[in-house]
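Structures follow.
The same chain A turns up in both complexes below, where it pairs with chain B and then with chain C.
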Partner chain A sequence: MSGEVRVYGGWRDDLGLKVIPTRRLARDVYEVFIGPQHPGSGHMRIIIRVDGDVIVEADPDIGYVHRTMEKLGEIRGWIKPIPLFERMAIHDACNITLPYVRAVEKLMGVEAPLRAKYLRVLLCEINRIAAHLYGFAIFGVFLGHSTMYMWAMGDREVFIQLAEELTGARLTHSYPIPGGVRRDIPQGFPDMARRAVKYMRKRLEEYRKIFLDNPVIRSRLEDVGVIPKRLAAELGIVGPNARGSGIQYDVRIIEPYEVYDELDFEVPVYTEGDALARTYVRVEEIRQSLRIIEQVVEWLEKKPREPIVDESIYKKYPPLHKKILESQGRAKLLPWMATMKVPAGRAIGRGETGRGEIIYYVESDGGMNPYRVRIVTPSARNAIAFKYALPGHRVMDLPAIYGSLDYFPPEADR
Partner chain B sequence: MSGAELVEGPRDYEATLKAARARAESALREAGISFSVEEGKGFVDLVVDVDSIVKAAEALKNAGFTHVVSVTAVDYPKKKSIKVAYHVTSYLDPEIVGGIVGLAVYLPREAPEMPSLSGVWVSAEFMEREVYEFFGVTFKGHPDLRPLLLIPELAEKRPLRKDFVVREESIYEGVPERVRRG
Partner chain C sequence: MSLAEVAAAIIGWPPVWQVLVIGFLGSLVIAVLAVWFERKAAARVQRRLGPYWASPRLGGLLHLIADMVRYAFQYPIIPRTVDLIPFLAAPIAGMVIALLPLAVVPFTSNPAYWPLPPSAMEYSLLIALAIVTLPPIFIIAAGWASNNPFAVIGGVREAFIIVAYELIAILGFLGAAASTGTFNLVAIVEAQGGIMWLAILNPLAFLAAFIAIVMSTSAFPFEIPESEPEVVAGPFTEYSGLLYALNMGGAYMRRFALSIILALTFLGGWYPLVPGEGLLMGYILPSVVVVVKAVIVVLAISFLRAVYGRYRLDQALDLAWKILLPMALAGIALGLFEASIGLT
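Moving on to the complex of A and B:
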């Protein structure tokens, strides 16, 4: 191969961290195509150029699972995009659709009742844990640690069953709707949730022993894939990846939505910026989500049941629907919602999913369809990190960095 | 591994947005750039002229807006224009952290072209490629302007423009109405 090769890296190290320097190459640069059928990489390709086995340039080639979310969002009314959008990250379904629902609510001028807000937070946190465990499982495979894969995938099942008990669906729950949620907690749910919390706390301790404190894992993650704070801010990466680089940012704190400002939880930040720091952030987040679940379940148990949809929508319910809502805690979608019109305007809805901040820009011209839905998912924003974090590392480190970024192609491609 | 720090909060987003807006407006005024304001729920768009957008972006960057959260393009065939808004915010400035301000331009729909801002905000690099493939907006000076998600043949059709109509598919398509109804 000839021609000039652009070399990235060499960012100023403002945290006193070790950044592996790269140098311009004279000869023998090979191009390696990783993916899209790579075991574990899943539906994306990274084109890397290597000198020996040091990566000098990386080009994330994404789009293999693009499903035209933004275009379909413009032609299917206001309600149908909810089950559509959650297909971007099915194991994080509530987190990923809630910001859209909130943007539509802002335009409609409705607000979910307090009980519905607690229910939303409950499912969001269950999803967050499940999403992190899924990430751990894949990460385990990337590093050749198949026990971690089995354990995390198996423990994820606990939270999927919890979500199923709450919503009736294991993955694509379509739970939040404009003005409320679709189900209240069933009998016996609080006890189930407490058992799950207790179990997971115990398991996290075991994860620490077998994975986080494992010398092999640590040597593969420590000081690998370092993203200094300044670079993280420049790239605009989100979620645990940003918080692993010392960025003080979480949408639940910055723009507290639903009832996050009433709950007692912490958002941990690590300053190392390496693959291990990103992993630690996720572990700590699972711990915090467990705390939130405990508080929310207690609140839901103590407070009397009330309608879980907005007053203005509840008023339009026919008697049968009201009866079902009161006796079974199930809110039916009314037929007029399929063809409803939303007042003209523009709104941005955002939330913190398991992988970071998601943004929906929703514009209405007063019609039956959104005029424009712009979606920026966390993985879409993290994709750029491959280009700037990989150069300077050995090919061996690529799976470790990829796994630590918790990149999810269907979410990034939209 | 160092002990974890914590994100301080909760914060009041309305106050943050107000501060971010004031910061952005004064930065543009100081740079001598005229702009108009378009209100939104949860953000604000400052519309500038396409000739002054690079200067405006530099002014915002210097005022503390570290990165782009979304390059949002909207097609308005009736007005014969495409709006491109760079929704930016800050990670590092505690006063405006998370407040979303949009730096927007209206481009002619026929030949939309504007200077790339990925030189100012690296985080815009991939998003500009997205706007390029879906709307056909050319970003002058972009280091690597090619489709991101679509194959080139599909990108040629500019699928997010309003005149790209998604055809409803049906197994009964083409069967005359009277046959279908029996």
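Moving on to the complex of A and C:
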């Protein structure tokens, strides 16, 4: 410890030390540690240095909810990582596990039947809406708009119930499995889904009135936290944040998986790059997801039911399992899947979650466990945006920018 | 005189009565009501139930009392790093002084129940406004004494807001004085006899004064010094237990005191009731009318929470200096014009 120390407080601690040595800062700069125990920080810490009311430097300090997802993925077989990886973002469970399942499918050489693909897309879009609504709720409370918080959290319930109807679980559905999905749609689901879509369209209009067109909220978001297109590309920002900066990048379009190439939907892109543009991208994405749900439900209703697991797996089903699958639409996980061996090889799974692109790199050495699972989550890639979007703004812009980035620490820390 | 008579005389003396009974007890009851209304109304807008379990039959009305009991018995944690005397004194002084304006405002036109002698009553509006400007200093002191980055930032924000709203509040209320040509609150109320309220005659000054009240008591959309996502609880971050409750109660009491001044200057005071002789007609009923009007203002301010988010500090200051200040000045000009043509 060299030379100068600053006196903070000037009190004597238990050891009789009179001062606490602290790091010397530039003149007139005040260092504030926001988080991890702070109502506005989430499970992370943002270290900001402020000159007056203006942030001159920001450091996102992540890692507080690191749960060794990648290491745990190497020791529990091929199936059990699915419910594990869901814990990264439980409100976006299908989106976040589907790429892993697809990577394992590539290694196993199986493919989900068409109906299962539609079902996967259906749950993915339900999850996407729920994830965006969750983001809106947090955003609302960050801006002090408690009504938006309550509305979005309440309306998210509609889609959670929809997912529950489809999968039997509200949040961690563990729905896609290698070679298919676990359940077909129950009776009455299409009508329920259509009602939910209609309801949500109406609600989006009300959101616009109270939140997006609210003069207070608009003045908080316009021209705040601008990430120019070039910077967004250089930082590798993904998802709605990149699309808010004018980058048309969506894995569903770039590299369509499942049945996204057969569906009619658009990827909204805004060029302003500010917090408002990112918010609008999410609103439009909810609209597009509603469109997708309508189309998928229509398809599922019209087409006759078929087994929702791959032919090679279906052949191994005992008669009882086949009967349950045909009569109730439930695909049982076969015991051998828990200890199955997957041929050696490497596979990449990509998918578009609510927050952006997620990539799984799965390597098998032919054993019962994955040799390596590398996960790159969208929030992990978006975290760097704090460092560049915050400086130059006022301290009160911090929650506006944080909320508009829809950063989710458990997902980033894995 | 027996001791009881002396005590009754002291309590019954209008300034003491107004501060202790109307001010302290009244605002406690009104805080219970206002907080309950704020939460119920927001819950209604947000499609949920709101407070309920503390008293299901009353719709959760007693929830705040349960909260206050909890605050009262909570262990107040005082960090070692604080500057102890200002830390303890600030919330108490802030709350007491927030109520002091009630010691000078009249609740009736009957001179027997004025809190001030008639000669001092001539300047009652000015005296009340002067006292109103005091409590925020204690909020800044609380933040500074806490010795915590969030508290200091919150205190500085409060300072910014004070500078902005104080002038507007005073100029807004002076708009009423300009309309009526007097600083005497009694005369201002009497000039509004019937429905010719100054809120209708001089809406500019009324609006400026109303928004200044919203700003001064950190209500939405100006809940900036205590803005949770950045500064935790602002100046009150290090407070807990009863001291925290005093801080929060101080804001409500200031809102109530300012609302009473607003009710007198712009909302017709005790009209439509005309005070007569005797304690009941001359003092109690008129003060009830004034308090009811003030409560309506308090509830209206509370409701803003359900609709608005939070302005950024610089935007709030922009609004104050660029829009509200000219508006308050225009309100004075309008008042003078109305006075010159004899409208009031």
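Here is the rule we go by: the second predicted complex is superposed on the first by the 387 of 414 C-alpha atoms of A that agree within 3 Å, B and C clash if a C-alpha of one lies under 4 Å from a C-alpha of the other, contacts with A are read in each partner's own complex, and residues count from 1 in each chain.
As a convention for this text, contacts are C-beta pairs under 8 Å (C-beta built on N, C-alpha and C of every residue); 3 or more make two chains touch, one makes a residue touch a chain.
Predicted, not measured: the structure shown is a model, and the values here were computed from it.
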Contacts of A:268 with chain B and chain C, given as first, second, both or neither: first
Touching partner for A:396 - first (chain B), second (chain C), both, neither: second
Partner chain in contact with A:165 - chain B first, chain C second, else both or neither: neither
Partner chain in contact with A:294 - chain B first, chain C second, else both or neither: neither
Residues of chain A touched, compared between chain B and chain C (which is higher): B
Which superposed partner A:371 touches (first chain B, second chain C, both, neither): first
Which superposed partner A:111 touches (first chain B, second chain C, both, neither): neither
First, second, both or neither for A:384, with chain B first and chain C second: first
Chain B versus chain C as contact partner of A:216, first or second or both or neither: second
Of chain B, residues touching chain A in the complex: 1-2, 4-11, 13, 16, 38, 40-43, 66-70, 72-75, 87, 91-92, 94, 97-98, 100, 121-123, 125-127, 134, 147-150, 159-160, 164, 166
Chain A - residues contacting chain B, complex: 62-63, 66, 68, 70-72, 75, 103, 106-107, 229, 232-236, 242-243, 246-256, 260-261, 266-272, 276-277, 280-281, 284, 345-350, 357, 359, 361, 363, 371-372, 374, 376, 380-381, 383-384, 388, 413-414
Complex contact set, residues of chain C against chain A: 42, 45-48, 80-81, 147, 149-150, 153, 220-221, 223-224, 227-232, 305-315
Chain C contact footprint on chain A (complex, rising order): 8-9, 11, 30-34, 38-40, 53, 140-151, 154, 210, 214, 216-217, 219-220, 394-400, 402
